[in-house]
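There are structures below to look over.
Next come two complexes built around subunit A: one with subunit B, the other with subunit C.
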Partner chain A sequence: MSKRVLLADDDQLLASLLNFRLEKGGYAVHHSANGKEVKEYLKNNIPDIIVSDIMMPYFSGIELIDYVRNELKSKTPIIIISSAGNEQNVLTAFELGANDFITKPVSPTELLVRIGREISK
Partner chain B sequence: MSISKTKGLLGQLVQLERTVSEFSFEDLNANEAKVLKNSFDTFRSSLENHIYSPNEIQAIPEKIEPKAIENKNISQKQFIAHISHEIRTPLNSIIGFTNLLNEEKLTKGQHKKVDAIQFASNTLLKLINEVLDYSKISSGNTNFETVDFNVHSLLHDVMFLCETLIVDHRIELLIEIDKNVPKNIKGDPSKLSQVLLNLLGNSVKFVKQGFIKLEVFAKETYETNCVLEFSVADTGIGISQEKIDTIFDRYTQAEDDTFSKYGGTGLGLTITKEIIEKLKGAIEIDSTIDKGTTVTFRMPFHYGKAVAVDTKIDNNKAVKGKKILVGTEIMVFEDNQMNQRLIVEQLTRWGCKVHANLTLNKGLQILATKNIDLILMDLKMPNLNGFEVSRAIRSHKSSKVNTTPIVAFSADFTEHDSNDCKAIGINDFLLKPYTLDHLMQTLIKNIKAKVEHADFASILQKPMIEPKETTVVDLNLLLKDCFGEIDMLNELIKLFKLNAIEFIGNVKIHLNTDNLKEIALSAHKLKAGFAMIKADGMRKLIIELEACCKNDQPKKVRELYDIFLNDYPLLEENLNKALNFLNKK
Partner chain C sequence: MLTPLRQIKISLITAPEFNLDYLWWLTILFLVLSIVYFVGVFIIRNRITSNNSRTKEKKVEFSPMINEFLFYEDSNTKEEKMNYLNLKIQIRESIKNKFDRHVLTEVLLDLRKDLSGQSQTVLIDLYKDLGLHHDAYEKLGSSKWQIVSSGILELTTMEVNEAYGLVLKFINHRQSTIRKQAEIAVVNLKEEGIKYFLDNTKYKIAEWQQLKLLDVLRHKPNYTPPQFGLWLTSTNTQVVLFSLRLIKYYSQNDAEQSITTLLKHKKRDIQAEAIECIKIFHFVNALPTLKLVYPKASRDIKIAILDAIGEIGSTADVPFLENLKSTEKHFNIKSKVFSTLNKINPESVLPTKNISNAAFYDVEINVDSQETVSELHESQEELLTNIATAKSSLNTENKETVIEETFEVVSRVEKAEVDKVEETRTKEIHQGTISNEVEFVQEEPKEAEMTDEIDSSLLLHIKNDVAITKNSVDVENIEKVEHLDKVKEDFTFNFLPFVVEVTSIEEQTPSFIQEDFEPLFELEGEFIANEQEVPTVIGLEQSLTDEIDEIDWSSLDKVNVEKKEVAIEASDSDEPIISFENGEVTFSASFMPQAELETMVILENISELGNSLELDLLHEIIEENSSELIKERANELIQKFSYKTPLPNQLFDKENDLSESVFTDIYHLADLETKLILLNEIKDVGDAKEIYLIESIIESESKKLAKVAIEALNEIKSRVVLTTEELRPIANDPSIFDVNFKLESSESPKIRLASTDNGSTLFDQLCSMSHSLYNKING
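Now for the complex of A and B:
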């Protein structure tokens, strides 16, 4: 069975490309464009890995990490997507339990390598 | 027991105190001077406390049972460990404040005196560190590892390090490992290399010409274990017979003028002997004046299991990695000369420009004036440790300095350290011993992070953007990312155009109310799209627009928006052309 990736990103353009590449890479992708949807989805599903943008409407990537680690008590690996100049956010994300991060502009190839690495850990 | 050692300490102290008292404090910032003086007083009184109170213990009557003597020895060693530690803390403040003092506007004469204080206190610190190291080992406070390791690769690593130490080509470095030496043994590899490096390092110091030879063979072999004999022979200045008898004593050097001629604290061999004996081995020296010296030691080892050696990099990856690393400038903070040489050597081979052998001030200066891509930081430097150096870099006022990626490396990486790293803003870590592959990957990963920054910073410094630049696009990379599937590319370009239209509308609305926060958000969202189609000029404009929003410059935001409105149609035209071209293909 293919591994399930939750992709949380409000940028439709980037999400489409990543979605395409993840599916090509053999993953089953669920894409949510905002934090509310992400939360709904996580109530009934625990994916094998979560890839989330830091900046999202309603529910930021930081809040998402907090929710997964502290409310759901899940150890599902989380990779966050951040923009340059957002180092403080990245540090906070790591403190809350993010496993890795990737900076925009995102190289899909690099993201796939990082996902593979987290999943095989 | 340690009169000469105490003498050494006192000599340093007297020198330190003299230089401090000669210093004209009146001319200084009053506060700085006060702090400096206070920390010195604290240091002195804590030293006095330690010296005068434990002396009473030594006044115990002459006749003591042998066991009591042993106990006394242990407690004395622990006492030394303790006092060395206590001395380090105030000494660190002396060094720290002296460094600060050196940054102030001083007269030439004052600078000279501060330099003298710096030199004396650094020497004292080095001495204390060695005393501490020695007492830790001899009082049994050091943990010895038992792990499987490949003794052959350890020996070759050690020889490689030594090679980098030899600057004189009249010295030949030889190694001979007997066939009967097992490949893998169980023991403490770091202690074994410490011993070997110490002995070989001594030879390097004392040999002017000739050779240094390391020989290893299995002296005794049993079913599960063996005794390995290592010998380091050189054609150095040699040691006289009567000196050989005392050479392992604490704090003795062969001749009274050895220190002034060759440096060192005189503790190296003592530490070496302690380590060997703690590992149930034995060491001996044979030497002839002016002919040379041979140091031989034997140690028992259990046979070990094979360990995966992972020092070679996959060739393809290495070539790619090298391409990225060539021409990058890397700064190395590492106090251990051997390790520093090793890493500098490696980085140079990859084509990096390396800045090493630095004080904090020198480092900050270079960071401010040159384009450093990455800083490698040893966390366990005895002087000013890696955390403090990193903190100083991160809190520097210039963004050019404080954004440079820092990769920390350390031999023991406890949870505590890792939290500290995050808090200070250290970007990544390398655990010693690291493989070359790992080193390269970590460098590449973190250098990339910097490129983003450099981009950002250079744009802010350059407000004028050539109009033409803003209309350029390149779809080849994106097509590659789509695995050449043209339908996917068309889909993405459609989405991109929608985003751009949405952006134009959003900014128009929010400019009416000067809602720069919303505009910044819209701009932020659009950046990724322009990056994907490699419209770097337009992307820079968007980044500048975002920055102007954050700096509350509505007038500039309007100007940039006008450029965008003017240039975007041209960009879209180029985009369509490029897409048509690819579609026809």
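Now for the complex of A and C:
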């Protein structure tokens, strides 16, 4: 059974591209375009890994980490993707419990490797 | 209506005649126009919305195709390969449509921003493969600047190197957006682009543009920069400036002569950049030019030059800086001159601002010594009075004379500043000794450093006194003194109790005897700590013993004197305080009455744990006890607990830091404008404390500041005078002195016990020792 990846990104083009690459890499990907959808999905499903953008409508990536770690008490690996790769964002993400941080522009192949590494931990 | 007879009715303004039929036509016209407007907005909005939705749909449509292209691998299965080929045909058909081509270009440009690595390379290849760059070429021919600019941006983003030649012509375009876009494109597309740009650009290169160009160069992989020194001769000053910055960034130090020459450039920016380069590359040969351009340079450039001299200069440049020290008037530049001097020649310029001169401290020392001398005079006068009283009493009781001399010499190494004062004290004591036949010394032990000369003179004086008095001396007592001296050689005493008793020992009070022996304990306590003092003290003791040996005993009257022991005993106890057995000194715990000892213990406890609430108890103790020791200790504690925080007028005394103006520090750090603001503030709110600061400003600052300072000074002075006049009537009113509190005397008692190095008094030690012995005895 393939590993389930929750891909949370409001950028349709990039999400579609990453979705394609991850599925090609053997993962079962669920795409959510905004924070609300992510929250709804997480109420009923716990994926093997979450790949999320920081800036999303309704619910930011940072809030998502907080929700997963503190409310769901889940240890699901979380990889954050953001074009705002400033120090403060990175530190906040890691402080709240993110497992990895990738700055845009992102290499889909690299993301695939990082996901594999986090799942195998 | 009736009008007055003399009023002439003239209609200056008359309302135009208006045909009411037109009103309806106008209403209809405005209605039609508003309908057209709203319909127009509706149509345009719908078109944009539909266009966006179409674009979105197309993007969704193109997205999987692009994904397939981007992640296509040769190792894919046949089906995948077939699918890939089909998609390629499909997409080529699609881009025949202008709108589709536009959307596809948009998608690729968007993805270009989000992707890196291999995917990015594939994406760019796909863009070129589909021939979308030809659309960009067409945009370059547009008459609209925004379309041309977007075309250049597209070609730059998609790294279409072939477009380099087409973009070159826009380098000197009169439209700044196109020009700037072209500059970045030229530098980006080819390595030699920067050369072309620097050679050919005619327009100004904005600071932001320079940063962007530098950023483009920085991110170029395997980039080998040209020698930017070649463009230092450019006629475009902006090119020279940008070249200097590039030289600095890429650390190209092969243009020393050119950079040195640029120090004489008319543009300040170029001068500043050249100075920066000289400083970084350590061009020592540029020092003469730096000095040459200095006099006519602006303030900023002067500071930059001084900074460079400080960095690369040597002691040979000190005369130049010394000259500037006296000629420069501006605060910032002068400060920089000082710092540069100190950088080249450390500690050559010392702080001068707010430093008190040496005379200020000399005055303090003199005052202190004078106070000490006057105190000594007072004590001496008291002693003389006591002596006179004693003499008269002795005369009335007939033929009973008590001669007792006690010299206490404590040798200590004191600080150099106190030496003068101590010497003065010593001299005063010595003079007092010579002038009096009989002297009771009950003062606190003087912390004096006695020289051998002073010691010998004192000893001679003792000898003479003893000879003159012609009284019988108890030989046994002298023997005891000698015995004591021998013991002291072993135990190192730094004082000299010398008792020559004749008669009437009964007159000595117990407390007096105790005081005579107090230094013994002190010395015993210091015995281990002050081993280095041993030779001096022993020498002193020995010399004294020798002096005693030299006394002509035969000349003394052989009066039948009853054997009376030297009263080294407490009044209520028969046991000696100190006994010497087998070369060991033992102290008796019962040298004080039991009741007094207990009171002393209470006092010590109060000292450690008490506060001002114990004042009443201490007063009671003084009233109830007759012992001088207890009274003295109680008084000390009263003084200790009565301490009050200083009054505001004491805080603002001249010797206190608070007396200085609060504006002083801020003023000295401020620039001209801030100084003016501060002076105005001082003028408004300042008082007498600010006068010293303002006077120093008037003396040292520029005319402009001095003028404002003078105004402020006058204002403050008038205000101070007013305040004084207002206060005068109040001061004359005696009712304000009806204060229901009593001021505590801060004057310390003249007679004090010796203080040890650790701050505790001898009395403290005595009491603590007695306390411990008391506890020991009681188990």
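Structural remarks
In this text, the second predicted complex is superposed on the first by the 119 of 121 C-alpha atoms of A that agree within 3 Å, B and C clash if a C-alpha of one lies under 4 Å from a C-alpha of the other, contacts with A are read in each partner's own complex, and residues count from 1 in each chain.
Criterion: a contact is a pair of C-beta atoms (placed from the backbone, for glycine too) under 8 Å apart; a residue touches a chain by one contact, two chains touch by 3 or more.
Bear in mind that the values here come from a model prediction, so they are computed numbers and not experimental data.
Superposition of the two structures on subunit A leads subunit B and subunit C into a clash.
Touch criterion met: A:55 reaches subunit B, while subunit C stays clear of it.
Shared-chain residue A:26: touches no atom of subunit B or subunit C. After overlaying the two complexes on the shared chain, residue contacts for A:87 are found with subunit B alone; subunit C is out of touch.
Touch counts on subunit A: comparing subunit C and subunit B, the chain ahead is B. Once chain A of one complex is fitted onto chain A of the other, the partner contacts of A:95 are limited to subunit B, with no touch recorded for subunit C. Comparing 22-30, 40-48, 58-66 or 688-696 from subunit C against subunit B in the aligned model shows that the clashing stretch is 58-66.
In the three-chain superposition model, subunit A touches both subunit B and subunit C at residues 11-14, 16-17, 20-21, 24, 83, 104-109. Looking at the complex, you find that subunit B touches subunit A at residues 403, 422-423, 425, 448-449, 452-453, 455-456, 478, 481-483, 485, 488, 491-492, 495-496, 498-499, 521, 524-525, 527-529, 531-532. Listing the residues of subunit A that touch subunit B in their complex gives 10-14, 16-17, 20-21, 24, 55, 83-85, 87, 91, 94-95, 103-109. In the complex of the two chains, the subunit A residues touching subunit C come out as 11-14, 16-17, 20-21, 24, 83, 104-110. By the touch criterion given at the top, residues 56, 59-60, 63-64, 66-68, 70-71, 107, 110-111, 113-120 of subunit C touch subunit A in their complex.
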